[in-house]
Amino acid sequence: MTQAIILIHCPDRKGLVAAITTFVKEAQANIIYLDQHVDRETDTFFMRLVCAFDTATELIRFRESFQTKMANPYDLSWQLFDHNETSRIALLVSKYDHCLYDLLGRHATGELRGAISLIISNHPDLSGVAKQFDIPFFHIPVNKETKKEAETKQLELLQKHEIDLIVLARYMQIISADFVAHYPNKIINIHHSFLPAFVGAKPYHAAFDRGVKIIGATSHYVTSDLDEGPIIEQETVRVSHIHGVQDFIMKGRDLEKIVLARAVKAHLDHKILVYGNKTIIFS
Amino acid sequence: MTQAIILIHCPDRKGLVAAITTFVKEAQANIIYLDQHVDRETDTFFMRLVCAFDTATELIRFRESFQTKMANPYDLSWQLFDHNETSRIALLVSKYDHCLYDLLGRHATGELRGAISLIISNHPDLSGVAKQFDIPFFHIPVNKETKKEAETKQLELLQKHEIDLIVLARYMQIISADFVAHYPNKIINIHHSFLPAFVGAKPYHAAFDRGVKIIGATSHYVTSDLDEGPIIEQETVRVSHIHGVQDFIMKGRDLEKIVLARAVKAHLDHKILVYGNKTIIFS
Amino acid sequence: MTQAIILIHCPDRKGLVAAITTFVKEAQANIIYLDQHVDRETDTFFMRLVCAFDTATELIRFRESFQTKMANPYDLSWQLFDHNETSRIALLVSKYDHCLYDLLGRHATGELRGAISLIISNHPDLSGVAKQFDIPFFHIPVNKETKKEAETKQLELLQKHEIDLIVLARYMQIISADFVAHYPNKIINIHHSFLPAFVGAKPYHAAFDRGVKIIGATSHYVTSDLDEGPIIEQETVRVSHIHGVQDFIMKGRDLEKIVLARAVKAHLDHKILVYGNKTIIFS
Amino acid sequence: MTQAIILIHCPDRKGLVAAITTFVKEAQANIIYLDQHVDRETDTFFMRLVCAFDTATELIRFRESFQTKMANPYDLSWQLFDHNETSRIALLVSKYDHCLYDLLGRHATGELRGAISLIISNHPDLSGVAKQFDIPFFHIPVNKETKKEAETKQLELLQKHEIDLIVLARYMQIISADFVAHYPNKIINIHHSFLPAFVGAKPYHAAFDRGVKIIGATSHYVTSDLDEGPIIEQETVRVSHIHGVQDFIMKGRDLEKIVLARAVKAHLDHKILVYGNKTIIFS
């Protein structure tokens, strides 16, 4: 048995679910999961389907005919993922190690549907952690002068390793628009605040100064606008006057780890559809 | 335009979504919302559909043909609710007034799709609150000897007022199995603990004695097994050693209000399907 | 027996707790509750004490001698509240009634240590609610031209009723700096976002547009800077792509009610100390 | 400068805070942190103090005189911890590795005030993880026949390594009362449910069967009563009908990691006082 995950979006119209599910039925596939959503503001239809096929051949045939028989007549944008093909992941880090440890631990535990293929850092500090988990580590220093050159090296590495997903696990460098253009909706960042509150640097300090009673973390796809990309996941935790900035940072770590891990998982499970500057996260 | 909400469950089989949505399409209806779920343990299919019909006649025709053309061949259990027909609600209370105030406030604000038609209490204390909100209030005392007789009076009132939903808003009497049998999955209770922890009386005292760090509240349909009915909604809140039993009770009130209100809303919006001793809560 | 709540803040120094608690002991009072906090950034000491006195006379004597024997030598800023004297509260509202119903319900239930003495609104719509709960209602229309005049009328009413606390229960007018100056740290507002995200008008719309996964509400003291006053309490709740702006508003209501009620309670229980633009909320 | 953490509990009486803080002042120490709590049911007084001494000698003198000058006259039970002396930790594991990875990651990151000195397991499976982090690993098989013998070996190891804290990081064996008696309030377990709901084995399965809408995890000190020891920390997360048992387990992992880590941190920071079957967790 083979499974496929299909993500669809298109202008809404009558009979879409019937048309799609009838097509699946006639392809002899079984619907394992179906979720759909209509955005009433833009009249856009979104669907996530998981279908089981008896043989790999049937899946191939389905994929081949979907464009002409469904996507063209119904104006569908679609992606199909073979459940057996897993993603290849690159982690970009700087000096903070908590998200790195967390993702590597989850990877080792088997929580992630994907392979962490390499770690790239602008500092050498975390090479030891990479070694602990036996993942190739590449140190590519970045400064104002070398930034362009460094990104070129990064892109070469990423392409050579056929990377599908880039995770910025507290990577403390701004990614250029050029770089982002190579991986649209394929770079996930963790920002250590409840966006859009406290964009930019030192958000825990800013939160402390404002006297908030709750802090948060936000994972989002990276776009050319810093901290403005589509939000994937957020989580919050209470703080109080007894907590100083260091306590905010300490409490925030656990948020960052969980929020980033949830976003990475959702991406690897093909549960995310990006439209405009928002995400649909299927359950 | 008329809308209908359709709840379906049946043994799972290939092509169900296609068959149902095709039937909707051919009835000239538009799918506003569709959510489906398959329980893999029992291979049971669940669906909630909201369909828009151009005319009331089309809705009537749909309803008439659904049994023979869909339910019979596909072995569907189904309910259809006309969106224009709202429920009639009875509140049963004793002496605590916080849930009563909350529900009456929401009712007055227009949050609930339904009409609170009457309030029944085993004590006279809350008649003033009923009067404030201009809802008929019936005092039916209950004690061991008069219980059966009291329930008979209650049932008469409920039937006379054509009640669809009974909400036990901190009603401190156990409902007999006989009574429950008249309103299966139509009586919602709020229990002031995180069920199944602390069943029975005085759950806040029990939680305090056990030294828990989180307390909760649970709304559930009432069955003949006390505190064992299908859970609809739960919520929790932190407590600590500084909180005494009275603080637990105070903090718990807000939980009770919210959890009960959410359950009542989900019921009135026909978002709940009960199967076995569990609920499917469509979003 | 009489109780007093004492709030103290001062520059930190060795021996403060010893000095204060020894003074309490020598006054024959019993410490019911003591919490203290030192802000390490500004080296400021904060304390909340609840003391029990055998007689009212002892409390009076304590109060009289505290300034000369403790406050002067130790440079203490202090407030003392007799537990028997409760606050007088004014609610300011516009057209939204959910916070109003919630506060009036809590008041009626006996949750609040204080009396809601009057309701002022710039619209006549909610006079019926005031009547339901038998609270005097004053309709003072506000527009650009009449704003100053309207505030004068409001201030007269507030002073006449000897109001200690003003609660803006979704009052949709900006309060002038002049007005605020009459009630420093005595005006509590509820803002329907997780401040500092989404300041200004229509925060739910802004949150929806940004695609956040969590929404919040914030209660704060009103200062002359809009939405910038010291934060008292915040709470958040999850949303997802299935929720439209109307769902955000609906879900936000429950946040607003709870967050505002918690802030009002903390104020009435004299658990809040404001310093700089932050709050200490004693537990 | 040297710091000491002092935990005190005793029968409540007038003047306790004054007496203790005056004693600290006269010892030339500075109070960095003070929190106290009185349990009104049992009239018991609890205090946590952090004091700074200019020299190590002053700390030693303080410790020596505290028993005779404070503890004896005021009937205090007390513990004093030198902030420079950190704890030695043993992890007991079976086959699940997520809590192990989490604690080792936190340890490596420097989050824990203590040293993980060894790992003991009844299975050989996780020896590789221990090796990754360069921690001694001891495989001590346990079955019904060898249980007593195995515990003897464990105790020898623990004593040889001068272990202060034993963390059961999903260790799937019941600890005997004999063993527990060697480490009272020094063995922390993580139970994968919101205790007291779902005691015993397979709590996620039980939670799934009951149809709860929220699952939880609980860390507690181990006593001779299984799952009945004093609760240290709890956390919860939402589930719904779409989640199967495997999803409960997956979601529960993150709870277990966080709840166990918080409990271990609180213990290592000497923030926990156990009395009766409850804990005081100072903030």
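In this document, chain identifiers A, B, C and D correspond to the written order of the chains, with residue numbering beginning at 1 in each.
Here is the rule we go by: a contact is a pair of C-beta atoms (placed from the backbone, for glycine too) under 8 Å apart; a residue touches a chain by one contact, two chains touch by 3 or more.
Fair warning: this is a prediction, and the values are worked out from it, not measured in the lab.
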Message: Please tell me whether A-C or C-D has the greater number of C-beta pairs in contact.
response: A-C
- request: Sort the other chains by how far their Cα centres are from that of chain D and give me the top one.
  value: B
- prompt: Counting in whole Å, what is the centre-to-centre distance of chain C and chain D, each centre being its mean C-alpha position?
  reply: 37
Message: As a quick test, compute the distance in whole Å between the mean CA positions of chain A and chain C.
response: 41
Message: Where in chain B do residues touch at least two different other chains?
response: 240, 242
Message: So with touch defined the way it is at the top, what topology do the chains form here? Options are line, ring, star, complete, other.
response: complete
- prompt: What does chain A use to touch chain D in their complex?
  reply: 97-98, 101-102, 105-106, 108-109, 111, 129, 132-133, 240, 242, 250, 253-254, 258, 261, 283
Statement: Residue set of chain B touching chain A in the complex reads 14-18, 21-22, 24-25, 30-36, 38, 238
Residue ranges of chain A in contact with chain C within the complex: 37, 39-41, 46, 194-198, 210-214, 216, 230-236, 240-242, 244, 277-281
